[in-house]
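Here come two complexes built around chain A, the first alongside chain B, the second alongside chain C.
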Partner chain A sequence: MDLKIRKSAETYIIDVNGEMDLYNSYRLKELVMKMLEKKVEQFIINMENVDYIDSSGIGALIYICSTIKKMNLKLAICNIHGSVKKVIELTKLMGYFPIAGTVDEAIQKIAAE
Partner chain B sequence: MADITQNFIFNPLWAQVFALLALYLTLRNVTLSKKLAVGSDFQQLLLVLFFGSILFAGLGLAGIAAYQLPVTLAVQAISAGIFLKILGRYTKKNYYSGWLLALNAVGFLVSVTLAALQVAWYFHFWESALIIANWGYVTYQFYEVSQYNTPKASVLLDARGTLTKLTLWIHGLIFLLVPFGGYQIPLVQMVLLPLSTIVYLWTLTFWHRRAYARMSHQRDLMEKNMNSQYEFMTRIGNAIAEKLDIDRVLDFVVHSAVKTANADGGAIFLVDEFDDVLRVKAVEGDFPPPYDVPAKVKLKANNLENFFKSTPIPLGETIIGECAATGKPIFVRDSKMDPRMVHNSRMDQIYIASLILTPLMQGKKVFGVLAIASRKSNHLFSREVLSQIKTFGDYTSLTINSLYTYLQLLEKQDMERDLGIAAEIQGQLLPSHLPRVSSVSLAAFSQPAKGVSGDYYDIINIRKGQILLTVCDVAGKGIPASLVMVMIRTITHLVARQPQMTVNRILDIVNWGIAGRVSLDRFATVAMLSYDFATHQLEYSNAAHHPLLIYRAEQDDFETLDTEGIPIGLERKTRYNQINTVLRKGDLIVLYTDGIIEAMNEKGQQYSLESLQVVIRDHHQESPEKLKKLIIADMEKFVGKAKQHDDETFVLMRVEH
Partner chain C sequence: MSQEQIKEILVNENHPLFDKTGMFNKEFPSDFRQIRYFTLLIVQKAPPEIKEINLLEQQISEIIKNAVKHGNRNNPDKKIRIWYSFSTTHAHLIVQDEGEGFQGIEEWNSFNRKRLQLFQDQNFDELGNFVSFRTQKSDEHDGGNAMFAAVEYWNDGVVYNAKRNAVAVGKTFPQRRVSVDIGK
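Moving on, here comes the complex of A and B:
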């Protein structure tokens, strides 16, 4: 898994590339925690290039999502597809996560909040 | 006769002969003279001057002194040619000019004609002009050596100023003296002409000394360089061995760089992990920000330091950002000569005399910048220091890269050790044997991927005539996941036997007990059912697990049961639902985790629920224990050699009567 960060106005977009599994999901978690320490307030997690996620990956997303919710900051997860989408649907978390279609939609969603 | 004697004695060329002879003898003792091969050039010069002098004197003796000056001219022109040859030797370039040769040839003929015509004044003027032209050309060529195209040419660079100025001054002076007799007056002959030779002598000796000194300096420097680099490498190795701490390594690097370069201060800037800015990471000595700072900040040293440490530098901005953006070292030898350093070239708190920046790279990506600065205007960094700092930077990059890899490896090892312990805990969690009851027959299978499972199943006799089955999948692995399993198991065992307990209530309580107690990313999906042998009543509740699969023997068809609800461990107030159904003889229920239906073959295809259903339908009469083996065999056949990365668990229960 490879993480890249870019910025759109005040929103930081994290592009996740590769599989999110037991051996690397913690890195996404750590990255977001570090960004929170540095007072980043708006996040988008772009899952466009994630084709596989296991329960640890979902766990990392839940952790991130809940932490950001608690701090009253903004998050959107976008471009979930294929098996990742299936796993999130199966675990009945579609409503739990702030999901948006594309990165642009995610930016609008955050702006609208 | 007195005239002849005077001509012979005061022949200016004698002075040159003796001066060059002395030079030749001196240089023979210089070890380098052979290597530089100027010896033969001096022999030629000497011969030209010697025969020139004989001819000059001979002409004087013969009473045709007017022709002495064409001889002087020829001698000077040939000498200039030899100097150009020497220059060529040093720089591996050809400096002879056809124009110069033609000019000298014409000049010679004109001077011979003028001598024959006895027009003294023009004659001297012409002579001097030509001599100046020759030496002017030589000095101009010396001046043109503006590049170090050979190592030896650098010596010429150092000598060219002296050569140019002195030669021009002396010949210029002779030129000015032409109206008063030019070469004929004793001052010129006794002082100026010998002096002009001494210029060459001095300059050439100077070249040799410089060349020698430079070579030995470079040797010393290389030795020193090697020593300091060797020391740097061993010490950075030790720093890592002592403690795997990147900050300490960086502190050490900047300390060593400052010490080796004899700089006043140094700093390391690291590229922020998620922002395109550089931040000051380690500072050593006195290193002012190499960019403009607000005037207010400059007033107090404390403010300046705080400002420097707290102000991020955007990539591409300021000289540091430039270094990080381009990934190339930057060498500011003298801040006064560099427009980028205009703010640091005034003698104030942020004055920097000389600055070296080198990028720290991970592959092709710049992750930081190593910088050193000198704040003394009389101590500017040299190219040698630049190459040393570059080596430091490269080695630091290499070290930090391997350190990162090592840390990741350690982390992985830790994780694996952790998994080993977890596997042991789990071994004691799963039921060691299945309950033996006559109403139903049971089978269970659980196979962890990579030695430790996130899956857990249990079959509990909750009260007489009633059984509870559960399958759960905890996110993550290792000890934390095992602890969640322990919690789920403990709570389930404690509350399941209480009267009036329903499966959805059990899930409520399990969730209530776990949510908020464990890290959110340790959530679990749990499917739980209870079955009453007497009433054939099945109660099912699901916390975001796969729906329950039921094979109805009578209809030879499958049915799924599901209830709403998010995974266990996320929100404390979650309430789970329950769904009931009645089973008949021969009905078979299957609880499974996603590892079963998502088992992948080498083509990337999944085993799928459909394949599982086909095996079950084809063999539903077999005992669950036999059916279990058939399912496993079918799955193994499907996945082939593909490595599975999820745990595989299923529980089968068939109603016998």
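Moving on, here comes the complex of A and C:
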């Protein structure tokens, strides 16, 4: 899994590339925690290039989402597709996660909050 | 609650899912680093029709991970044993470890019932407290959500033996009809 950060106005977009599994999902968690320390307040996690996620990956997203919610900051997760979407649906987290369709929609969602 | 059946983890070693007749079997050491590799060795026997890209692999990997990590506590001297059978309409897996057994099944079922009730009520604020099932032995890498998906995915059941160190899971897939337009 490879993580890249880009910026759109005040929003930081994390592009996740590869598989989010039991061996690497903690890295996304660590990255977001570091960004929180640096006072980043608006996050988008772009899952466009993620085709595999397991319970550790879901766990990392839950941790990130609950931390950001508690801090009253902003998060959107976008471009969920394929088996990643299926796993989130099976876990019944579609309503819990702040999900947007595309990166642009995620930016709009955050701006509208 | 709607009439949709609440899915639970069962404990019943006489359950038909524990019938190993005709199943392949393999044994692996409890090597955490190789969980996904072991999973691929099992799932390669499955026909593409039921793999759903990698959903079957992912679901099997969770069961193997539970056995290696929570069952055998990553002890390389302890083995996991896997029985498996696949067809275009079914997947059936039994995974046994040498651990103490999953003693928190009743607690898990109760937690999951509450979780599903909150989901039903669309109470997403409170649902936030029920997204991860944790025990004293959970660590920061445990998502605590694998079995929530498992009881939904394995539609023939998720069943433990009496000692609770073996789990049998099964799924029936709809038969795909191939329509052929023969033209006129």
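Please note the rule applied: the second predicted complex is superposed on the first by the 113 of 113 C-alpha atoms of A that agree within 3 Å, B and C clash if a C-alpha of one lies under 4 Å from a C-alpha of the other, contacts with A are read in each partner's own complex, and residues count from 1 in each chain.
Keep in mind that, in the parts below, a residue touches a chain if its C-beta (ideal position, glycine included) is under 8 Å from a C-beta of that chain, and two chains touch if they have at least 3 such contacts.
Model, not experiment: these values are computed from the prediction.
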Superposed partners chain B and chain C on chain A - clash or fit: clash
Figure out whether A:Leu90 sits in contact with chain B (first) or chain C (second), or with both, or with neither. both
Quick one: classify A:Gly82 as touching chain B (first), chain C (second), both or neither. second
Now for A:Met71: first (chain B), second (chain C), both, or neither, which partner does it touch? neither
Have a look at where A:Ala111 lands relative to chain B and chain C in the superposition and call it first, second, both or neither. neither
In the superposed arrangement, does A:Ile53 touch chain B (first), chain C (second), both or neither? second
With both complexes overlaid on chain A, does A:Met33 touch chain B (first), chain C (second), both or neither? neither
Does chain B (first) or chain C (second) touch A:Asp21, or do both, or does neither? both
With both complexes superposed on chain A, which partner does A:Ile62 reach: first (chain B), second (chain C), both or neither? both
Contact residues common to both interfaces of chain A (with chain B and with chain C): 21-23, 25, 54-56, 58-60, 62, 66, 83, 87, 90-93, 96
In the complex of these two chains, what residues of chain A are touching chain B? 5, 7, 12, 14, 21-23, 25, 29, 31, 34-35, 38, 40, 54-56, 58-60, 62-63, 66-67, 83, 87, 90-93, 96
Residues on chain A engaged by chain C in the complex (per definition of touch): 21-23, 25-26, 51-60, 62, 66, 69, 82-83, 86-87, 90-93, 95-96
Which residues of chain C touch chain A once you look at their complex with the stated criterion? 33, 35-36, 52-55, 57-58, 61-62, 65, 115-116, 119, 122, 124, 127-128, 131-132, 140-146, 148-149, 152-153
Chain B contacts chain A in the complex at 273-276, 412, 415, 454, 473-477, 519-523, 525, 544, 546, 564-567, 570, 594, 598, 645-646
